[in-house]
């Protein structure tokens, strides 16, 4: 248990500029706390997130990766998140298939108005990653030291 | 001549491992390759040829050369340490040993490759004669005798026993270490085995392959041959032939960013790849034909030209077995032979 | 799960009908030739199932008044297909009773002169095991 | 086979085609190589037998740049790849004269060798027009035999069918070879615990030597320059220094061909280390079928690949956690 | 190597309270590429911006990282500041250490540590930033409106009034559209012609508006600001310049048996015709299918009677090519075909009509000269039944899944008008719901019920059965009384669903404008950009985007017009530089990227390339920067990584990932 308490996961959050990044801003201006382990990368749209980015994050030592975009139907670019949804579904399925723990990568749709949802999502994601522990199955040993 | 029962090999390997790493053919997921022996690993001395040649014991597919780390605004460079512990490679075939000799010519000549030299200095090679050579073998063509490998120790697997003969000082030292497990053996059994092996070798389909015309002087005529234009066509430009080959020695040097440091490493490269020897201006060889030609010209012409006539092919036949497009060095040699070029 | 809830699910399962698709336009009732004979009207069938009020439904006269003419199915603008619901409710009763609702010999006296032949055949096929 | 050669000669001689893309007889009983034939005489070395497993559709990318038409011999499964290349504008239909050749299941010499047969001198029963169920094999160590089915490539056991999806004419008989459930292996892995799955792939991928044979043979991997060879993603690592790189390579490769892979099985056929690479691609095929509706890449030229398409009510990525 | 300056903002105590700003400055200083770092109370203030300008000069900065509030707040501010200091504005990156850090973390160590990492990520990104320059494209100051109904007319008038030239292309011989067929309009009961005709005249007379009637758009190429459109002017066989519109030709034409499109087929017209009396232009066209001259070569009567000599049987279709900066789609709607609704007996009885046909019946210029009569026998009806939602709100394939929106109101209008003019006629309306959201709409409906005694029955009609006596037996539900109603009616009026004009699919394809499953054009954003298509430069007006009534159509027409004016007012379009671009040497030309591009911004060209000495012609993706909006969908779809997005390049994002995971 004590080990778990000390474990500070590295978490990368890709947020689309129009909804989720703004949702994160709202969480901030509403002073809704979530762990500092989460670091946000701004992308124009969830469809900009290449599976290579996600694998790269794991390679370099991330313990969890979350992709946030506009709710389906609300994409600033009309259809971007629909493509992202298929891509990520397949990618996550493959990660599961090769034995990576379920839940290390996640997609959530967070609108610009959902500051609360953003904070809740990050809280639950961080706690999930803490439960899963350190990412040992994906990751390059060279980056571990 | 000494011997040990096949069933006691596990004890032999355990004993060898007490004083350093032991590399030998290990079966993982149906495939046999040389690997460091660990307890419980399934060693496999029955498969004639490991998929990859054992050259990576001395010349790993990838090895770090040094590490750079930012310390404030300065960079600290830490060279990788050289191998300084003895180790043993068990089960190399005569051709594989021939491959190491080719690598020696490259890496031990001036300037000496310290990483390779360190491994060669600390490694003891126990070679194993080829009990049942296969149709893709053609080591005979390069003057290699599969029946009598020349290494630190030569061994023969005959029936349920492994026959053991030290040939060098290193070999003697190793034999000394494991002498408790070895018993004296009848030299004649081994002689019979050699004769049997050589008889099979005579019957191998490639044994009469002629290398006529392939030598260091043949640069211009071979290079300009029109045959290359036909031969290369099925080539997929993969690196299979290169990576299974016991003599291919080309490597690339690259940097890996670990986040906190940069590791400069080298890794095998393949002249079949389009980015092989890529330079700022582009590439010397712009077509697959040229890259394909390079591989065979190097093995059969350029290398002998620079190494007293030694070919950089040992006839192990791995490329014959593994090429996805069924191309190989034999087909190249034969094609030139047929056309009389 | 209550019995009625189970039955409601069973009816949905047998019929393949999603009662929530109903927009309550009443076109089924408007179109039904046996409307006046029914105590629970075709459009109410849908809401009875949606509300899991199955006891009343299976005990209704309507269950056996439906001619299975499929007019309601044909005309329903939302593809709710109330006729299938009625049919499924009948199946439930039949399964419970474990036998035939009618005996062969009872049928002729119940026959209406004006009933089309096709309906008779269809009725036999449906209610006779 | 003779019919094929005769027809090819005819088409060469009457100028319909400028060259023939087929297989040339090898120097061992089992190693015919893909080859271009430009003259009728050279066709004497043409061969079509059980060892002609190579999918020639990818060679049509280069052949499409040549003058004149190329007669290309495509097996039923190869035609899917050709269609897919056509969809992606990588081959030119007008430059191809497609002879759909019959297929009775293709052989894998590795499978024969795995039964302990070595020193092969000759093999009979692999000829295209033979109806044998057994291969008679002459070796340096005596006569051996092997059931045709046992020597067949994995892909032939889960064959999509012997219908050519695109062709100009058909020559030769086919034989139905499908006798295994296509997704059985994938399902077996799906049923494993995460630890078992990880151990399985770790073991298989530890053999990978990054020779790129799988990629270079793959008709869906038709990129002029692979992303793993360019510096676009800092992904040109080349080495197999750590197991992560193999995972990255094979996952991304499978992802890039997802919805485009025709399951032609060439990747597994050519892997020198015998890694069952088709398990990656087939997983995506299974997922796509289950989540987005049945889709067969290459069944029809011009169809929209599932990853360039969507439905408003597609499954959410969290479905991965919900499924078993 | 960049020379990066990092500027850390205190934001008063907003940041400084939970982030040790000084520490961030100290740590970030040792990052590769950073040559200067400082902190300040309010970076966004004049003084703060000035500090940036000074540092740029003093330290020869090539890149800037501002650690402050959200880029959504002040990115533009700092980009402008950088630009003033002589830097390319796209060399600025923001590390959001307020909303994403100081405001959500309470522990100062935690906050500081995270702020450093966010700053590092921004530095890593700036290291790879390159100066970006917005592209420019010129704007042709002329708009095209496709469709000359009220939507198109209003859009054109508003654009023209703003001083821009605008052309209307209308495929029928006259502008006016469906509105010209209406009798009265709800909820005010104005005469439709009375309010529409002046607008038609205005449009025709406007010096900035050019009408292409009896014309169709044939081909569209180009992009926002610079479209080239081919318009097919169909041969009228009447010289518009000579014709005086006297109407004599129509009067004398011997072929008078063609059903009038304008009257919805309820009356006939001549072979040479104007659709209606107030048609604009008032120039007839010859229907060659009906014209005896064209069919047999004999006749030529119209030519003989035309004093102006305007009839020209040799006229040919003409293709006009025009350039436009913007295109408005206003193609309108039609009612659906009722062939699949046998239960309403529409094809069996002349007395079952659609509401739009009733408009013509009620109209003084219509087939019955405004008398309400049965079309079968001309008798005055005593009992009229209206059926709502015919084909609307249907999830089967016979109808449409949507609500047609206008039917409830026009049915109330019809019921009211009938009851007003013929108080002895009983009117029954079968409805599912009465939907009256709109100003004075519900009041209007209530008037129909309360003042005019229209009988509203909640329930749908199951079938309409023509009776031997000529009456129509209507069988419907009364859901409130829970009874089935059988009613003998003299006339039945069907509130038929509306659907987008059939031509819209063809037009949308030409414009690469997207269309939904119901053939309505898709808007760029359902809420925020309702009058724009996702394809830049294409705007939507009227029912082509979704069902609307007249006031809504007119408002949307105005909105589309102002969007067009906003576009045309620019001399040049500055395009967002954060667009995708293809690496020519890596592109496979496989079309995968184009398949996912929502803007049709990607096309393919056969280009000569020199790939390290290999010269060949390759099919290569070309991104039109004027159309690309920078979403990045193509970058991920592209397997070879040939497609990359400026400002959010693969390597930039990876650098951020690396910096965060370090």
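By written order: A, B, C, D and E. Residues from 1 in each chain.
Assume contacts are C-beta pairs under 8 Å (C-beta built on N, C-alpha and C of every residue); 3 or more make two chains touch, one makes a residue touch a chain.
Just so it is clear, the structure is predicted and the values come from calculations on it, not from any experiment.
Shared contact partners of chain A and chain D, listed by label, are B, E. Steps from chain B to chain C, taking the shortest chain of touch contacts, total 2.
The greatest centre-to-centre distance from chain A, using averaged C-alpha positions, is reached by C. Chain pair with the larger contact count among C-E and B-E is C-E, by C-beta pairs in contact.
Chain centres here are C-alpha means, and the one lying farthest from chain B is C. Distance between chain centres (mean CA atoms), chain A to chain B: 46 Å.
For the pair chain B and chain D, the distance between mean C-alpha positions equals 30 Å. Separating the CA-averaged centres of chain C and chain D is a span of 56 Å. Here the spacing of chain D and chain E, counted between their Cα centres, is 47 Å.
Touching two or more other chains at once are residues 225, 227, 233-234, 241, 307-309 of chain D. Among all residues of chain B, those that touch two or more other chains are 256-257, 259-260. Within chain E, contacts with two or more other chains are made by residues 596, 637, 650, 654, 658, 661-662. The complete set of chain-chain contacts reads A-B, A-D, A-E, B-D, B-E, C-E, D-E. Residues of chain D that touch chain A in their complex: 186, 189-190, 192, 194-202, 227, 233, 235, 241-242, 244-245, 247-248, 251-252, 254-255, 258, 280, 283-284, 287-288, 291-292, 306-312, 314-321.
Residue ranges of chain E in contact with chain B, taken from their complex: 30, 32, 612-614, 658, 661-662.
For chain A in complex with chain B, the touching residues are 60-61, 140, 142-143, 145. Contacts from chain A toward chain D in the complex involve residues 50-52, 55-56, 59, 72-73, 79, 82-83, 85-103, 106-107, 137-142. By the touch criterion given at the top, residues 256, 258-260, 263 of chain B touch chain A in their complex.
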